[in-house]
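There are two complexes below, and they share chain A, which is joined by chain B in the first and by chain C in the second.
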Partner chain A sequence: MIADAPNTFSTADLGARTYRFLADVLGQRQTLRERPLPGLAHALVFWGFVAFGLYTTVEYLKGLGIVDLTHTRWFAAYRILLTPFAIGVLVGIVGLALRRAVIRPVGLGQTVSIESLVIAGFIATLMITFLLAWRLDEASLAGQVNWWVHALVILAFLALIPASKHFHLVLSPVTVFLKSPELGNVPNLDFEKEQVGLEAVKDLGSKTVLDAFTCVECGRCQVNCPAWGAGKALNPKTLILQTQDALLARKPDTKLVDLYSDEVLWQCTTCGACENQCPVGIEHLPLIIGARRGLVSNGEAPDYLGGVYNHLERRGNIWGLGSDQRQKFVHASGLETFDPRVHDVLVWLGCAGAFEADFQRSLRALFDILRGRGVKFGVLAKERCTGDSAKRTGNEYLFQELAHQNIEDLRAAGPKTIVASCPHCVKTIGNDYRKFGYEVEIVHSAAFVEALTRGDQSVAGNPRERVTYHDPCYLGRYAGTFDEPRALLTRFGAEVTEPTRNRDNPYCCGAGGGLLFADKDEEPGSRISDVRFRQLQETGAGTIVTACPFCTIMLKGAQSSAAAVGGAGEIQFVDLMTFANGRLSKVG
Partner chain B sequence: MNIAVCIKQVPTRDWQPRVNDGGTWIRDRDVTFETNEPDAYALEEALRLKEKHGGSVVACSVGPERVAQVLREALARGADRAIHVEHASVEASDAFVIAGALAAAVRDERFDLVLTGLQSDDQGFAQTGVVLAERLGFAHATIIMEVQIESSTVRVKRELEGGWFQWVAMPLPAVLTIQSGINHLRYATLKGIMAAKKKEIRKVAMPAGLAARQHIVRLYAPQKVKRTELITGSPAEAAKTLVTRLRETARVI
Partner chain C sequence: MILVVAEQRGGTLNRASWETIAAAQHIPGGVPIVVAVLGGSGGATTAAAQLAAAAVHEVVAVEHPSLEPYTADGFTAALQSLIGQLNPTSVLFPHTYQTRDFVPKLAARLDRALLTDVTGTKPSDDGALVFVRPMFQGKLTADVRPQGPAPHLVTFQIGSYRPDAAARGSSPAPVKTVAATLDGASVRQRPDQPYQEARQAVDLSQAERIVSVGRGIKGQEHLSVAQALADALKAELAASRPICDAGWLPMERQVGSSGQTVAPKLYVALGISGAIQHLVGMKGSNVIVAINKDPDAPIFEVADYGIVGDLFEVVPALVKALNE
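Let's turn to the complex of A and B:
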């Protein structure tokens, strides 16, 4: 199946891949990270398996009559060393079986998997027989029975592996190694080769096929998915299992939209939680965005995106406004056109910065801070949307059009460093433009200003203002910028109360993946933004600090919905730059 | 249902207009162009009628080499083929010349419907469609908000002033000038863009003997003038004059 699929394997950036392999496979980092106790149980079993590899080989060499190494001195020492591992595996597997059969967490599904319990029984038997062998005389009947039970269970286990999710024992090390080092990496389409995206099962790439058979159904993707969390139809785990079923059913012409459903494919915010939390290296975004591309290429995008695409095509921004609006802002803010001989950095305004009043306030705060520190900056004479919305919704042609035009202008302007206040612009210019050969350092304003003001005396007021900080997915999870905003807030007099789901695993505001525009069409009560607003509200902080224009729009929308039913409370929204600048002004 | 859609290429709205040296038209050297907005709606309406009733959609445009861009866009959105009437000095042409050129290009093709946008975003004469109908000898209706085909006739909803509408029926073939916002525009799909590369754009020459009857004498940006008027008289009289001024001169109440 993998050989039949279009090849999407890549081993680019070996260093990052090797590091991830060591950390996630040998170190069990991803398994431990979110669920420390079950993760530890799993790690004990895994390390036991690795330790036992040689033991099993030696016993089989003896059993098959090839060579008997069991009486050598090193083997005796090896057996002694294995004993703590065996106890570890036993403790781990009993714990995992209890979790699955008695505790039954939601991510593991509705029914108890009998197969999993059989496997657990096998593993326990193997360990018990190994430990019993210390007590039993090898030549006695009991000893012989014990040895044969051990050997036969191994054979049964080996036979069961390929037909079950325990195939991950074999596949996951490979899958983890082949997972892209860049989160949410959806390679560009090559129009010369008439690539239009994924339409049917036969279009699924080799990595996606490998992913489908590697899945261990642990449900981390599911419980972290904001769409699933808000009660929507999308469940990333189901998506992978449906792929597996479709591949096994050998129906290559099945349309992906029929397999997953249109509704599900358009509910993903591309927040990256599923892919980022997966312990076995599965990449969900190439599948979801790939299937969206297949739909968009045939004119089957949702209606709300049709308007956005026309705005982007005709006006170069998602709002469909004329560029004179941006000119007005540029003029009123006294911005200069970037010149590498004069300016240190280029500030990228972005769609929101150029056209959205709330976010313009944030940008003016950034300008104030930069001017106050003597940073010389300029802007492009003309900007188009980076194409983020087009890229994440699968309109690859439009994305590439916008990207090429922007890259041409950026190359002509020649900045070494770009500062942007929109995390989506940071991801698109920093990661997606790189694939067209455009390399530039792009920094979110949170990180740039944090570094700029690092030497400042803390301006803690008394008492400190209690705020909560919402990590934008494209900043915290994608860019790994989550310490800097907190450092800034603390430096400028805030006490940060953390919400549930934060830092590199935030709960999405619901705007990403083009869903900013779908808000009105959504069923009330199941909005991702409502869920997130409640989580932020529960911190009890009077101020919500954000660092992304789209998060602000979504969460403010959720606040008005909550206010309509009297549950919004007295909460104000402040952008991170506005907050920092406000405190600087007070001090200055 | 074979439909021709007449499309004009106009400067993008983003472009800051600059007047040419003669002061008669814009300086179009550094202009980027796009499809005239009402024409985009006309194309969309044609594509929807084709999807409903079958037939074909042919995009037509008059102008220099650059108008091939808007024709390609129309083909990418689903037009079957295109006709490009090659005309170098489009800025010196009036609606009479353009309509004459379009009429010559579409006359022999026996279209059931010819759609144009209500007017162009740059000159805004709103005449091309009307003159074209006259030249073709077709019935016509303007400012169309809805189109219903009933075998050999067409029923259309026209927009009148002040929020009024009017339904009109007429025999086919007919020319309709379409109002913006009549439908939701589709976007150009990747498959459509790929397919457009293989579609035909037939080039035809300008017919002879067409001369503009209208000439632009002067083009200028509106001048800002400050005018202050002190209304005198008794308070009652002054208030009365003020209300009249606000209603009739300033038109704000």
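Let's turn to the complex of A and C:
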């Protein structure tokens, strides 16, 4: 099946891949990080299996009468060394079986998998028989039975592997290695080759096929998915299992939209939680965005996106406002057109910066900070949307048009460093434009200002304001910028109360992937933004600090909806730059 | 001779047909105008009888069972033979979805120049006719002179001429009914029922005046304040998202990117801060009046008239003034 699929395997950036392989496979990092206890249980089993590899080989060599190494001295020492591993595996597997059969976490599905319990029984039997062998005389009947039970269970286990999710024992090391080092890496389409995205099962790339068979059904993607968490139909795990079923059913012409349903495909905010939390290297975003591309190429995007695409085509921004509005802001803020001989950095305003009042306030705070520190900066004479909304919703053609025009303008301006306050712009210019050969250093203002003010005296000791900080997905998860905003906040007098789901695994505000425009279509009670607003409210902080224009729009929307029914409490929004700037002047 | 192709469905004329007749009458030189209308049995004749009121040389009803409902193949074949018989200098169409569908095909079949979305005509120094059409989304206009032999095919943008600008004749123009030269078997399209967009219960996009309320209204019980202003202005009542979320007004009255997009002549925003998602839904309004307590509210960025104040004081005063 993999050989038949269009080849999407890549081994680019071997260093990052090797590091991930060592950390996630040998080190069990991903398995441990979200679920430390079950993760440790799994790690004990995994390390035990690795340790037992040679033992099993030696025993089979003896059993098959090829060569008997069991009486060598090193094997005796090896057996002794294996004993703690065996106990570890036994403890681990019993713990995992209890979790599955008794605790039954939601991510593992509604029913208890009998197959999983059988496998757990096999593994436990292997370990018990290994340990019993210490006590039994090998030549005795009991010893013989023990040896045979051990050997036969191994054979049964091996036979079960390819037909079950335990296939991941074989596949996941490969899948982890082949997973793109860049989160949410959805390669550009080549229109010269008439690529239009994924329409049917036969279009799925080889990595996606491998992914489908590697899935261990652990449900990390599911429980971390903000759409699923808000009660929507989308469940990333189901998506992968449906892919597996379709591939096994050998129905290459099944349309992906029939396989997954278009409702589900348009519920993804591209927050990246599923892909980022997956312990076996599955990439969900190329599948979801690929299928969206297939729909968009056939004119089957949801209605609300039609307006957005129209705005992007005609006005170069998602709002459909005239570029004179940006001009007004540029003029009123006293901004200069970027000139590399004069300016240190280029500030990328983004479409929210050019048109959205709250975000303009945030940018003015950034300008104040930069001016106060003597950073010389300029802006482009003209900007278009980076194309983020187009890219994430699968309108690749529109994205590439916008990208090429922006790259041309950026190349002509020639900045070495770009500062942007929109995490989506950072991702799109920093990662997606790079694939067109445009390399530039792009930094989110949180990181830039944090570095700029690092020498500032901390205002600790003053009464501290209790705030909570909402990590934008495209900043915390995609860019890994989660320490800097906190450092800034703490430096300038805030005491950060962490919400549930934070840092590199935040809960999405609901705006990404074009869903900023979709709330008309959302069922009441299933808005991601409402869920996130409540999580932030539960911190008890009086202030929510945000660092992305879209998060602010969504969460403020959730707040005003909650306020209309009296459920918003006294909580205010401050954007990170405004907060820092306000405190800076006080520090003075 | 100028041929105008009118458009009808089930005997009802498309209003743009009159606009195109007006366009033809505006062409200088007093060239005789013939109006043709295509359709099945009855429809074309009914429409032709209405068209006879226009000050034109003649009206021709072209009938054939294969011309109703419309198909690109049927219309192209029928018009190709009609144009061959009449031999006009120009053929004018309204720029409707229907002409957009078949006129390019007709032009290709005739191998004649086609000018689309024309907004006007003017004479040139050498007496040849020059057509005006917008370019770059209306930022520029171009004077275009069609090349090659006549007839030239021209479609006129809807609204370039007023339908009532079409001069009516003192007596009805002669009406001729002809059978189209058309082989029904050559029509490849099999049309379904025409698509009808589901109508909203409240179509705010057609409202001339809108009074819209936001969170500043504080409670459902205060909606009567806004309703009074709406009544005084003969306006529709609308709202921003939180109001509809709370169920104080039905969802179909929501304005903004997550509701309806509106462009009334007058938009009065009461206690609406003006989040961008609301702004994009109403920025096309002709005159925007904003009443809000917060002088920094973004709504004032787009407002033509702004009142910083408590809507519970301002609105009753406005209603009182309007009712006087």
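Note that in this section the second predicted complex is superposed on the first by the 585 of 588 C-alpha atoms of A that agree within 3 Å, B and C clash if a C-alpha of one lies under 4 Å from a C-alpha of the other, contacts with A are read in each partner's own complex, and residues count from 1 in each chain.
Just so it is clear, a contact is a pair of C-beta atoms (placed from the backbone, for glycine too) under 8 Å apart; a residue touches a chain by one contact, two chains touch by 3 or more.
Quantities reported herein were computed from a predicted structural model and do not represent experimental measurements.
Asker: Record, for the superposition on chain A, whether partners chain B and chain C clash or fit.
Answerer: Once both complexes are aligned on chain A, chain B and chain C clash.
Asker: Go through the superposed model and pick first if A:P340 touches only chain B, second if only chain C, both, or neither.
Answerer: Neither: A:P340 stays clear of chain B and chain C.
Asker: With both complexes superposed on chain A, which partner does A:F355 reach: first (chain B), second (chain C), both or neither?
Answerer: After superposition on chain A, A:F355 lies in contact with chain C alone.
Asker: Contact-wise, after the overlay, does A:P84 reach chain B, chain C, both or neither (first, second, both, neither)?
Answerer: neither
Asker: Kindly classify A:Y397 by the partners it touches after superposition: chain B alone (first), chain C alone (second), both, or neither?
Answerer: After superposition on chain A, A:Y397 lies in contact with chain B alone.
Asker: Have a look at where A:R314 lands relative to chain B and chain C in the superposition and call it first, second, both or neither.
Answerer: Both partners.
Asker: Across the two complexes, what residues of chain A are contacted by chain B and by chain C?
Answerer: 307, 314
Asker: If you look only at chain A, which of its residues touch chain B in the complex?
Answerer: Contact set of chain A toward chain B: 189, 191, 194, 196-197, 293, 296-299, 301, 303, 305-307, 309-310, 313-316, 322-324, 395-398.
Asker: Flag every residue of chain B that touches chain A in the complex, lowest number first.
Answerer: 12-14, 16, 34, 184-194
Asker: Using the touch rule from the top, collect the residues of chain C that touch chain A in their complex.
Answerer: 137, 215, 241-243, 245-246, 248, 254, 257-259, 261, 274-277, 279-280, 283, 298, 301
Asker: Show me the residue ranges of chain A that touch chain C in the complex, using the header's touch definition.
Answerer: Contacts found on chain A: 304, 307, 314, 319-321, 352, 355-358, 516-520, 524, 553, 556-557, 560-561, 563-565.
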